[in-house]
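In this document, chain identifiers A, B, C and D correspond to the written order of the chains, with residue numbering beginning at 1 in each.
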Amino acid sequence: REVITSIACYWVAIGNNDMDIRSIGNLPGITDIHRVTDSYKLVSGMWKLTPSSIPLGNGISIGGGNFTIMAGPCSIENDAQVSEVAGFLKSNGVFVMRGGVFKPRSSPYSFRGVGIEGLRYFHSICKLNGVLVVSEVMEPDQIEAMYPYIDIFQVGTRNAQNFSLLDALGRVDKPVMIKRGFSGTIEELLYSAEYVFSGGNEKIILCERGIRTFEKAYRNTLDLNAVPILKQKSHLPVVVDPSHGTGIRNLVEPMSLAAVMAGADGVIVEIHREPEKAYSDGIQSLCYSEAEQLFDRLRQTVSLKSTFGLS
Amino acid sequence: REVITSIACYWVAIGNNDMDIRSIGNLPGITDIHRVTDSYKLVSGMWKLTPSSIPLGNGISIGGGNFTIMAGPCSIENDAQVSEVAGFLKSNGVFVMRGGVFKPRSSPYSFRGVGIEGLRYFHSICKLNGVLVVSEVMEPDQIEAMYPYIDIFQVGTRNAQNFSLLDALGRVDKPVMIKRGFSGTIEELLYSAEYVFSGGNEKIILCERGIRTFEKAYRNTLDLNAVPILKQKSHLPVVVDPSHGTGIRNLVEPMSLAAVMAGADGVIVEIHREPEKAYSDGIQSLCYSEAEQLFDRLRQTVSLKSTFGLS
Amino acid sequence: REVITSIACYWVAIGNNDMDIRSIGNLPGITDIHRVTDSYKLVSGMWKLTPSSIPLGNGISIGGGNFTIMAGPCSIENDAQVSEVAGFLKSNGVFVMRGGVFKPRSSPYSFRGVGIEGLRYFHSICKLNGVLVVSEVMEPDQIEAMYPYIDIFQVGTRNAQNFSLLDALGRVDKPVMIKRGFSGTIEELLYSAEYVFSGGNEKIILCERGIRTFEKAYRNTLDLNAVPILKQKSHLPVVVDPSHGTGIRNLVEPMSLAAVMAGADGVIVEIHREPEKAYSDGIQSLCYSEAEQLFDRLRQTVSLKSTFGLS
Amino acid sequence: REVITSIACYWVAIGNNDMDIRSIGNLPGITDIHRVTDSYKLVSGMWKLTPSSIPLGNGISIGGGNFTIMAGPCSIENDAQVSEVAGFLKSNGVFVMRGGVFKPRSSPYSFRGVGIEGLRYFHSICKLNGVLVVSEVMEPDQIEAMYPYIDIFQVGTRNAQNFSLLDALGRVDKPVMIKRGFSGTIEELLYSAEYVFSGGNEKIILCERGIRTFEKAYRNTLDLNAVPILKQKSHLPVVVDPSHGTGIRNLVEPMSLAAVMAGADGVIVEIHREPEKAYSDGIQSLCYSEAEQLFDRLRQTVSLKSTFGLS
């Protein structure tokens, strides 16, 4: 199977026959050839030993040694909110803002987001501040409309195995952040990434966001073990969402700092001027002063971690 | 919110204010009014005490005291296979055939189904045999193309919270069978059904198909507890998929019979002429002689169960 | 390793060397020899193809085609209660009464049972009625004191891997019922049984009682899949506890009947004169009239199941 | 209920009546009185706001701002091994050695430890090196024999709800480290600690060691979320076992460092001269050079964390 991305052209050959791969490696035009025993091929760390760095735009990239902070409200509420948060982020040296405009909600009667209109002002205000936009796309049909106003397409946990959506995002040339399904295995997350890569888009970011277990003391069990495992199995960058991952405000800082030490390439956290008044997920959002303390401590922890090299 | 289905017109009112519902009940044109404290309103058993019976077509309906057997291969492979299976089913008094034409597969390199062409011959051959077709739809865009060739739209376990798809199926007038997410709670399944109902389609069938747990002795943990719970909380019919639910061929019969006693309105089982040669899921498919024995024992068990009344 | 039970003498040989087992089979005094690739040897179904029948006393046995009902309160409360329940059971043809006298409780401040005194009157009243006693033992030290007053030692779910207790019960000549750990795998349950058997006691009953999963709609996820799997892997009888297994009163009947169809050799259910007044677990206990209906329907279901043979 | 420990005398009063607690607080001899709405009373953080510091002996204590490293083999094998490891630890400034002498094993045929003889030389060699001993106790009967040769009694994950054992350890005056059950909730762990405390022993250490989930990419899901939650709910110190918690050697360092940032008071890690030759659990043990790097990085991370204060 031939896979052409904006970066290179790959051939993925799958079969049971044993063959001497050198016979192909010597053909003219072939740069490199690898045997990958993982069943996810293109996202595997078996052929690409150096971690991938994904350019996000504005000269910012994720992975490859950088640590990227993304922050913002759970839901975009109005333009005043966007202005305020974007300004806050910019003044704190954070250049990616999160915010949902299409909200997947268990109940059909819950608030379902400000929609494409909201995305438009979200993006234009962020652009004025030099801040990039990451937001969730829920179906293939939304991609075209969202495309001009978005910098990173987010695939939510409930769509982690929506293969139609993953296929469609494989044909886009913007970065895609795939959240792990709340009961998705690490292998399934890598397969989902393989869908996007094999569709032609290799700008992929993996995101651990908590899994479902028997424990009820918190909303989800943020699985930091997934970080070093994913980094070993794949060359893709891995970010952690401690806000959804725990669902508890005062767990966000300790788990964010822990994520750095586990090897994460970034975090995505929920912040809100007045968490108790947020349209959704206030209980897990940090207020501004908590966020500033977190950003500061994250940077100190990243700085120490970087002296350790890759563990 | 106003919900108009082919059967009736509903108004769903959500709010915190306490009010005397009789004041509305007395308005002209209002047939009935109920207070539903469940947060899923229309699918709740709190306002509709009698189980719903969903007409499938051909004079067959599911729920309301009937027990419906659905069977067929995991994947449709070719027209000869369809002819054979449809003939086998008809001669055994089974009038719904399952078979995937779009297969959601974890890996992008796995067989992904015969597609819409396959659905066309699947449907026409079944029609000749008086057999109905149930098959999985994976995205809103497929609905229109599949519509003429399908009798029951199946929403797969990975799409149990694909709200775009559920919204779209709410605008269709054919029955929808929603599989429980492999890590979906019972409440989430009811919310997913509420999406379809509140979209205007009340022909909904719930399907228990196994959940993810720590146990590795089988593929999934078929959760029969879900059957009586769903029957108590909702008026919708509940079917059980013991093939995916266990993933082990010789567990299919005992768990199917157990499902009857747990109160299920039907089962959906995988069968194949030569299970070991199936394109997918052979390990959990019954061969024809096993299927015949199962059908016979199911009927005897249903017959005993019906003497017990609703438990 | 030599294992001598009241029934036979076994030698278990474990090693990596391949050998011709016939050379041992021909030695004088050897009745039979088998190669068992399961790592639990003595409880495996690989050498003993016919299901074991465990004599409980009073001419009653469990397994080997019988279906055994055990019932009683969660906790023994006083002698009047025992008299009443034992009489109720006897008049309904049920000859094993359950009841805890040592209660393992998560909190040290909860009611911890009537103790050995209670066991004494529990046993003597039951004996007058021709009813056998099953009750939980929590530590090796209790075995000697409980021995005269008990017919089946129950190992609770929290002690399913208390290897000291299992070792000690291997040296006793009364039946032992081992409950599956609430997060124990099926393989671990078989290993726990192997502890008892290899200690010299082959009167073992396995009990499925619900596992921990993410689902919160009920107390535990009763895992009926475990029944056919255990029956295939082992020759030991398997009973089901739908009361603890679901924790919900109106799930007890449907799941009990389902257990029969799944292949169980018995059920153990909680009953109470006034469930809402029970010292513990009232919410999952049946009242007498519900119990009578259950016993009747169980017998009808067992009767139908027996015509199917072993599935 | 009166609880007398070596430190203080507590009265725990449980009841439904509302009362003015000041009336008791004014009685002569009463130092302090608190209303604790948690159902675990003595281990709750509601009455004791400052973290407890548990003296281990040798002037070392755990909690209260210290970070304690414990390390050693999974199983004690022989005296030469103990000498070597104890020397290695001492020279690296680590003063608590772990090592099992009674091994709880799923299968009765696995290696079950060197027993009390082994504990004797384990302890005497450690004493020569000024190193303390932590080892697992499996039943109440072992306590007396182990007492002279042990500094910290460890309760294993399978015994986390062995209430007889917890009761017995409540009557001992040495520290007790309780591992969380592999499917135990955080609340259950606190209740288990309450058993020990209410028995009269307040020297309790909690240990997170991984839980069972659906994920199969590692042996257990080390749940670092438990660390900040436990620190908020209780005044007891919390240590983390990344070796059993992940079961994978190269996850031990990243997860240990992450544990520090999550707020842990210590770690307990498995080390072995030649991990591939260990009697048990070699796959998750660090070799000496890996351990030295870990100790060094742990100290740097602790040092940074301490500048953040309690999060």
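Keep this in mind: a contact is a pair of C-beta atoms (placed from the backbone, for glycine too) under 8 Å apart; a residue touches a chain by one contact, two chains touch by 3 or more.
The model shown is predicted, which means the values in this text are computed figures rather than measured ones.
In terms of the stated touch criterion, the partners common to chain B and chain C are A, D, listed by label. Interface residue usage between chain A and chain D, two copies of one sequence, is largely shared: over half of the residue numbers at the contact are used by both copies. When chain B is fitted to chain D on its Cα atoms, the angle of the rotation, on a 0 to 180 scale and to the nearest 5, is 180 degrees. If you average the Cα atoms of chain A and of chain C, the two centres end up 49 Å apart. Averaging C-alpha coordinates per chain places the centre of chain A 36 Å away from that of chain D.
Here the spacing of chain A and chain B, counted between their Cα centres, is 34 Å. Among the residues of chain D, those touching two or more other chains are numbered 183, 187, 212-214, 216. Those residues of chain D lying in contact with chain C across their complex are 1, 12, 14, 39-41, 104-109, 138-141, 158-159, 161-165, 167, 181-183, 187-188, 191, 194-195, 198-199, 212. Remark: chain C residues 183, 185-187, 211, 213-218, 221-229, 232, 245-246, 248, 250-251, 253-255, 257-263, 297, 300-301, 304-305, 307-308, 311 touch chain B in the complex. In the complex of the two chains, the chain D residues touching chain B come out as 183, 212-214, 216.
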